[in-house]
Each structure stands twice: as structure tokens, then as C-alpha cells.
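Here chain A shows up in two complexes: once beside chain B, once beside chain C.
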Partner chain A sequence: MKASRLTRNVLFVYGILMIAFLYLPLVSVGFASVSQARYLSFPIRRYSTKWYGEAFESSTVSELLLTSLSVAVVVTIVSLVFAFFGALAFARYQWRFRNVFQKLILLPIFFPQTVLGLALLMWFNSLGIIPTWKTAVVAHLVWITPIATLIVAIRAYSFDPALEEAARDMGAGTLTVLREITLPLLMPGLVSAGLFAFLLSWGNFPLSLFTTGADSTLPEWLYAKMVSGYSPLVPTLGIMSVVGSFLLILFAFALVWLMRANKEARTAQD
Partner chain B sequence: MKSLDQKLGLFSALPVVALLGLAFLAPLVVVALFSIMPAKVFSLANTPDFSAYAVFVQQGYYKSLLWSLGMALASTAILLVVCWPLAYAMAKVFKSFTLVLTIAIVMSLFVSENIRLFGWVLTLMKGGLIEGHFRALTGIGFDSPLYGVPIIVFGLVYVYLPFMLFPLAQGIAMVPDDTRQAAYDLGASRWQVLWQIEIPLAAPGIVVGSLLSFVLAAGALAESKILGGQAVIAIADDIETAFTFGQNWPLGSALSMVLIVIIGTLALFGISKVDLDAIMGRKR
Partner chain C sequence: MNSSPFLSLRGVVKSFGNFTALDRIDLDIKEGEFFTIVGPSGSGKSTLIRLLVGMDDLTSGEIRLRDQRIDDTPANKRPTCMVFQSLALFPHMTVGQNIEFPLKLRKEVPDRRRARALELLDLLRLPQSYYDKRISQCSGGERQRVALARALAFDPEILFFDEPLSALDYRLRKTLEKELKDLHARTGKTFVYITHSLEEAMVMSDRIAIMKRGKIEQISVADEIYGAPVSRFVAEFMGEVNLFDVTVAADGSVSSDVLSSRSGVKLVPAGEEARGLLMVRPEYVGFADTADAFDFTMSGPLHGEYALGSRIQYEIETPAGMVTVEKLREDRRTVSEGETMTVGFNVENTHFIDEAS
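Moving on, here comes the complex of A and B:
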């Protein structure tokens, strides 16, 4: 049954309202970040960018950014390698424990992250490892690798195994097949998985909370300041982090678009 | 061919399995072991007792657990109602707008949840975006809805909306249009189609979405701390306090174990009911 015009319009408005609902808090944070007053109250009387200036000069801020960035970059690279193979085991190869493996992968996603962070803290402690940002990488990986694997797996479901078999029949070894056939075919999935991995790690707070030791990531610092000892830098840094993520997403879209245009141009040439 | 698949499958699963074994399952064992240690020790080399679990009952920690589960249940129920029309529209009605919605919602996920919750504090507080502007325009102020149980549930609904919406849309997409059309042709009312055709056929999506949002909400911490101003204490909050201020790892572990067992049972039940190959689009 086709939805009537009225139903469709109502649903459309509902969708728009939902987006507004999701982004309204960010609008407030945006306004707060350009308010001059140390103690915020709406409507804002004087606008100023002085908190941004302060944020750029602060050495605490650059340290926080560096830590967050290091964690996110390492998490992205490692989780992509794991997800590439994990997705093949998840979707492509028919092997005996595939079902168990699929379910094992889902478990960390269902798990409360704060508790996972604490569990890891105790585990590192009993192993005699002192938590730093590197242990936070491990914590992020436990949660992000399964998500990246699922994203790559969606792609792995859709490709035709006959392509691999054809290459193998023509004498390609297992590694050659992986490099020349499987990797390019999974590339779009890997790009979006990499984007997800980076951004989810960049914004994550519950896992970092207990696993970074003396280091601190940006979301952790923001949380500490929100719960006690407010700083006017909180909205400013929040917005900087959001803008950074969105720029990265735009960059990724541009990259995908370029790659597609390039490919089309080349096929047209042939 | 078959034996090659067996071998390749096993080998490519190894890295992930090793990671989850070492950094997910092993820590859970440590939590379980710590939960049966005597109070306030930091090593596992002690005689086990079950005093931490006794404290859970005696000192009323089960109240936080009940609050957390209750608020999670409430937010899941609200999410089902709020998300159903939108999920339906995304699966069956919208065309290119589905993509716009998907991108907009996924992008909101990349913003740290505490920034978004903090944004709600700025929006809803006295002198915040809504009350401040309203008062400036009309001269009438009103109390802020912050710092209470309803606002925590609101925060849970807000944060976990995508985790309900996407599985639900996926589930509804699996309802064949022909079946629905046939029911209408045979004279079924809109409600009959909803209850007897759509909901049963979209059940996998409903189960995954509800479980995901319930489980995540039950273990949530930031909503009650940032929006709730500790009007009630969530179980995750108690766990955190036991580890940090309390310096009582066995108590924190025992509280964690209770939460883990509840969530784990639900998650395993849900996961075992779901055919991943079907949901994730196996074409072969």
C-alpha cells in the first residue's frame, strides 16, 4: 500500500523534528562557546571568541588533543587490520565455528562500557601494567574492533566468492588473492569502518575514564569539568571537537567522491 | 575448497578472538574473582569470602540496581513508540530522505555523549537556551526540569535513540509489502495489520533494538550524573564510587557481577534468537 500524501508529509516533518531534537543541544553548546561571560546565561549579552583564543594557546588543551589523537589513530589502524580478517571469518568463509564467532563478536557491543573499563583496570593491575594512554587503546579496541568488523562484514557479504576462486584457479596463492582481489573489493567497507573507528574512539569517554591512568583524553577532561569545577572552556572545546569530527567526515566524503569520479573517468577512457 | 575455507576461517578469526580473549573475557574472570575477595583488598591472593555480596543486600545497593533497570525499561518502552513511525518511514516511505536521516543520526553519534548531555543542561537549565529566552520575551520564568528521574529517562531516550531506530528500521524493511497488501485486501484494519503482520514479522529488529537500548541504558552513567544531578544513583555510578572514593575493589566487582549477569543473560538470549546472516544481507 502506498502511503498517502498526508501521511508522507507528517512523517517527513517528524523526521525533520527528530534531527532538530538530536542537534538542539549542540546549538546551545555552540552559543555558549562564543559567550564572553564566565558564568553563562541566555540570552547571551556579549559575544566573543576569546575562549577559542585561550583554548588554542593553552598547553593543557594541546596535550589533551595529542592524547586523544594518538589513541584514535592507533585504534583505527589496529582495528582495521583485525576487522579485515574478522569480517572474512564473519561473512565470507564457511567454517565450523562461524556461528559462535559471530556471537562472540557481538558481546562487547552489548556490554556496559564503564564496567568494561573497570574490569580492564583490574586486569592490567593484576598483570602489573601501569595504565597510560596505551592501555586505553586496548580498551577502545575491545569495543571498536567488533563494530568495525560488522561494518566490513556487510561489504564482505555482498561480494562474489567466485572472483577469489577464479584468481586461485589461475594459480594465485592465498596471500596474492587476499591482496589483489579481497582487499580492493572490501575497500569501501574498510574506509567507512576506519571512519567509524576513528570517530568513536575520538569521542569515547566511558572506556577512557578508568584506563588512561595519569593521561587524560579530551572527553574525559570535559566530563571532569562538567561534573565538578566548571570551566568556560568546556563549551569551546566541545565545539572544537565536534567541528574536528565533522571536517573529517566531509574529508572522507570528498575522498570517496574523488575515488568514484576517478574510477568512472578511467572506465570511460577504456 | 571446503577444507580451505575451514582453515582460512579459523586463521582470519584468530586476531579478533585473541583480542577478545585477552582483553574482554580474561578481565571478566578477574572481576568474578575479585568479587569474592574480602573487603578492600587489591590482590587476588586472599581467602575468598562472599562478604561483598552480603554488603550489596545489606546496604541497599539493590535500590540503585532497581532504579537503573526501571529507568532503562521506561526509556526502552518510550523509544519503541517514538522510533516506530520514523523507522517505518525510513524503511518504507522515504526515498532519498532516508539517507539524509541516516547520515544526520550517525553523525550525532560521533559527538561524545557527555558533550550532547551537557548541551541539554545548557538548553534546559534556569537561564538556559529555552527558559532564558522565554523569560526575556515574556517576563515569566519557570523552573528547570533538570535534576530528577524524568529528565534522566529523557537523557537515556536521547542518547540511545539510534540504537533503537536502526535495528527497528532494518526489521521493518524485512516485512514484505505483498504480505501487508494481502492483509489489507482481505479486509484487515490498520491496527490488525500492525499487530498481526508488521510487529511479528519485524520481530528480529524489535528484539535487537530493544535489547540494545535496554542493556546500554541499564549500564549508563553519564545521564544520571550530568542531567540527573544525582537525584537517584545509577548502579554504574555505585560501581564507579566503590572503585574510586570507596577504594573497595571487591565491592565494586560484586556490584559489576550483578549487572554483568543480568545484562549478559539478556544479551545472550537476544543474540541467540537472531540470524545475523539474514539481517546483514546475505545474498547467497
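Moving on, here comes the complex of A and C:
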């Protein structure tokens, strides 16, 4: 069925409005970051990139970025390992407690993150662990691993178990099956799960607030500076964070594209 | 060909909890044979093939290949290979990579792998250009051939098939049935094929085993299973059939409450009295134009007439029950529903199923 001209026009305008509604606030942050004035006021009188320069030179900023990056990278790697095996247990294998597992694993997503953060903080305290960015990694994992697992599980559901059986039947051992069949087939799921894990950790505020202790991640710092001691460094770092995320997504696409191209090249010469 | 059994099963049992999926299966398959196991869903045929390739463990019993026990050998160490119902072609590999997969596992050098894959493409009548195609670019029939090529690349002692044609349309299935039979002849390999389709079994097989609820009912060549089934189940499974309750006396004379026969009609004497079923296939039932045209005669109103393409089927409601008659289209009769018809058959076209045995 083809939509009428009127419908299409209405939908077009509606779409534009939605996008504007969603992204205009971000644009205003962008403007704030290039204002030379110390306090934000529209219209901006003098544009300047001085805050970006300061951000790049500031040791606080590089420390913040390093902390956020460390947390996000570790969370991504660990959650992917859990997600890979968890998704196989979730979607592929019949075992006694599968039903319980499928429900339990969703539980952390349903807790408000502030409650989860508080609970974890109290838990760390009672164990006598001093919170640092490493405890934040644990906290992020509690919340992010289920999401990563679900993303990989969706891929695992569309997986014909006969593929592994066939490989085995032709002489492949358990590790070979994993390397040659299971892993490559789950790869698209793993790439998107990794991307999600990184971005969710990178942008997470409530869990980090409770569990980083003396360390500070980028979102935490942004919040602290909003509450007291605002400077245009806040929107500047905000924009840098968004651009960083965006670059990561581009990088992931490039990676997938490269893998595909590489495979085709290998096929051609094989 | 070897005279001692090639693949032999003795007392093979497989249970899942309280449910016995396979109940003491004994079976011998000869080298180079095209052996088909037929049965309705739930008869245990898929369970059996999974045991044979090593994907499940048996509860008890033993499987021997060339007199060596293989039931403890895991699937990846057995010299057998299976073509799956879903074909299980690896979607992330090309046609060539799929075919070479078993060779790669054996650490064959790329040049020899490629040469063998191209050879197999030829054997399966696929153009060599398919080597670089993706699986998603192949049609159903082409995928079937790729799966076969891959299994042959493995060079198994026995090639197993788990209903690989069931998802294809009729015409393609017919073509591939013939190709499989031809491939069997050219490769000389032992094929063990599983299907629920009797037609598929009859077209291709040297011998057929009929399974019912975890047991083998009958093993024989197609003609014998069709013409001389051992039970009502086999008779009915092998297509349309007319069965009548009869008692056969020691001298072979037939008596029945429902069937009247010409005097002096006798079956091959069994030596003692037996109760059972007298079977006649619909193509052997004819229209009786004269009173004594057949050994057995019955009449009743026509219940229905069905066109089956090259053949026409008539159902006649007789005192002996519904009798099915099948005629070639060229022998079609113009009759209307409800019209009384007299039909009959001769004793030499019947088969007696002794229900006591």
C-alpha cells in the first residue's frame, strides 16, 4: 500500500520535529562549549575554542578520560566473555535451571540503578573493599552483562544447532567447533553487544556515583561541576564525550566492513 | 562386497527417562548398500540415525562397523558423515569453503583441497564458478548438492541422510531422488537414508526397513514390503490397501463373514488354520462385468471418485467395508455416485497377513 501525498508530508514534518526535539538540546550544549564567556547566555557574543584548548591541556581532564576509558574497556571485555557463554546457556543449551537462569539474569536491569549502586556500595563496605574505579567496573558489569547477554542471545536464537553437530560429525573437536562455527556466527551479536557495553559504561552516572570512591568518571565530574563550579569546560567535555562515542561507532562499522572485505579477499585467493 | 555384516546393530536400546524410543533394534547393513529406514514421525528413526552417527549415546546394545565396536566412539572420531535435514551448510563460508571444511580439519594443503572441491562440484553437476558463491546465493536444489559434496569430501565409510529432501517441492524432489540413486551407483558408498516418505524409499533403496514405535516391523526389498507386508501397519503405511478379516483353513481355503469367494479358491496352504487379514492392493481390484470374472466378488454403491492424475480412484461401500479400486485414467468408467458397482479380485493378487505371528 502506498501512502497518500498528504500522509507522507505529515510524516515528514513529524519526523523532522521529533529529531529536532531530541537533538536540539545537544546542539545548545555545543554552542555553550564554544562560548568564550564564563556563564552561558544566549545569544552567544563571542565564539572561541579556548575551552577545548584548556580541556586538552588539563591534567584533570586526561585523568577523567583515562578513568572512564579504563572502566568502559574492562567492562566491555569482561561483559563480552560473560555474554558469549551466557547467551549460549540462555538460548542454545537445554539444561535444568535454564528457565530460572533466563529470569534471574534480567533482574539487575529492573532495579533502579541508584538502588543497585547503593546496594553494591554497602556490599563493598561490608566486605571491607575500598571503592575505586575497579569497584565501579564490578557495578557496571552487574548492570551491563545482562544487556550484552540478551543482545548475543538474540543472535544465538537464530542459530541452527545442526551447524555445530555437522562440524563435529566431520571431525571437529569442541574447540575447533567453537572457533570455526560458533564464534564466527555469533560475531555480529558480539560486535553490537560490545558497542552497547562500552557506550552504556561510558555514559553511566548513577552506578559510578556510588561505586567509584575517590576516582571520578567523566559523567560524575560533569555532574559535580554543574552543581558547583560551572565553567564552559563542562559542555566542552560533554561534547568531547559524545564525539568520542560517535567515533567509536564509526570505528565499529569500519571494523565490520574491514572484516568482511578481508574475508572476501581471503576467499578470492584461497 | 563383503559377506560378513558391514554395519551391525545388536540389541540397541535408547530410552529418555521412562520413554523407550528404540526397543532392542537388531540390524545388518551390507557394504555398498542403499538402505532406507522409513517410518511415521515418532517411530524412532531420527533417534536411530543420531545414535549411528554418534550424536547421542545408546542406553544399551552395541553398534559394530567392520566388526569393530563404534558405539563408544564420539561423532568426530567416527568414519561416518551425515547430510542433515536442514543441510547444516555453514552460512559464513562460501560453497568452496563448505566443501573443503572436512579436508581443512584433516590439514590438507589448500591446493589439494581446492582441487578436490572442484572435482566434487563436477560430480554433483554444479558449475565450478559456484566455488566462490555464498550459500545464500544458492537455490534449494543447489544447496542440496553442496551438502552432498561436503559429505563426500569427508569420504565417509557410510553416508547418512536425515530426510534431506523433505523441504523441497515435488519436482525437485523427484529429480534429486534419481540423482542420489545415480550418485550411489557411481560412488559405490554405503548410503543409509531416513525418510517418512514411502515413495522416496521405493525409488532409491536396495532394501527398506519399516519402523513403528521404536521397533523394526519389516526389513526387505521394496517389492516385497509393498506386496507382502507382515502386518496391518506395514500394509497401510505402504499406500492404499484393502484388508479383509478372514480365516484360512489348513488346506488353504478361505472363509470369511464378509467376503464371498468362488468355490475351490485356495491360498497357498499354511498347514494349519490361521486367522488374519487378506490384503489386495487397489490396482488389482477390477470391475466385474460377469458374475464369475473374479475369485472374490463384492458389490455396493459408489461412494466417491477421485482423480489422482494418471490414475482414478473409486471407493465402493460394500458389506465387506469400503473397497478402494484404482484404475489408469485410460480405463476410466463413467459412473455416478450411489450407483451400484460390482468389483472383485483374484487370489493370486492377494497376500495373507497372519495376525498371530
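Before moving on, here are some points about what is shown:
Criterion: the second predicted complex is superposed on the first by the 251 of 270 C-alpha atoms of A that agree within 3 Å, B and C clash if a C-alpha of one lies under 4 Å from a C-alpha of the other, contacts with A are read in each partner's own complex, and residues count from 1 in each chain.
The working rule: a contact is a pair of C-beta atoms (placed from the backbone, for glycine too) under 8 Å apart; a residue touches a chain by one contact, two chains touch by 3 or more.
Given the structure is predicted, the values throughout are model-derived calculations rather than measurements.
The wider contact with chain A, measured as residues touched, comes from B rather than the other of chain B and chain C. Judged by the touch definition given at the top, the superposed model places A:Y23 against chain B, while chain C stays out of reach. Contacts of A:S245 after superposition on the shared chain: chain B is touched, whereas chain C is not.
By the touch criterion defined above, A:A166 reaches chain C but does not reach chain B. Contacts of A:S201 after superposition on the shared chain: neither chain B nor chain C is touched.
Of the two partner chains, neither chain B nor chain C is touched by A:S35.
Once chain A of one complex is fitted onto chain A of the other, the partner contacts of A:T236 are absent, as it touches neither chain B nor chain C. Once chain A of one complex is fitted onto chain A of the other, the partner contacts of A:G15 are limited to chain B, with no touch recorded for chain C.
Using the contact criterion defined above for the overlaid structures, shared-chain residue A:V81 touches chain B, although it does not reach chain C. Residues 165 of chain A lie at the contact with chain B in one complex and at the contact with chain C in the other.
Chain C contributes residues 53-55, 74-78, 80-82, 84-86, 88, 90-92, 94, 96-97, 101-102, 105-106, 110, 114, 132, 150, 154 to its touches with chain A in the complex. The touching residues of chain B, counted against chain A in their complex, run 1-2, 5-17, 19-20, 23-24, 26-28, 30-31, 34, 42-44, 85-86, 88-90, 92-94, 97, 101, 104-105, 107-123, 127-129, 131-133, 136, 158, 161, 177, 180-181, 184, 211-212, 215-216, 218-222, 225-226, 236, 239-240, 243, 249, 252-253, 256, 259-260, 263-264, 267-268, 270-272, 276-277, 280-284. Partner chain C is touched in their complex by these residues of chain A: 160, 162-163, 165-173, 176, 180-181, 184-185, 267-268, 270. Note for the complex: chain A touches chain B at residues 1, 3, 7-8, 11-12, 14-15, 18-19, 21-29, 31-32, 40-43, 81-83, 85-86, 88-89, 91, 93-98, 101-116, 118-123, 125-126, 138-139, 141-142, 145-146, 149-150, 153-154, 157-158, 161, 165, 174, 199-200, 202-206, 209-210, 218-219, 222-223, 226-227, 234-235, 238, 241-242, 245-246, 249.
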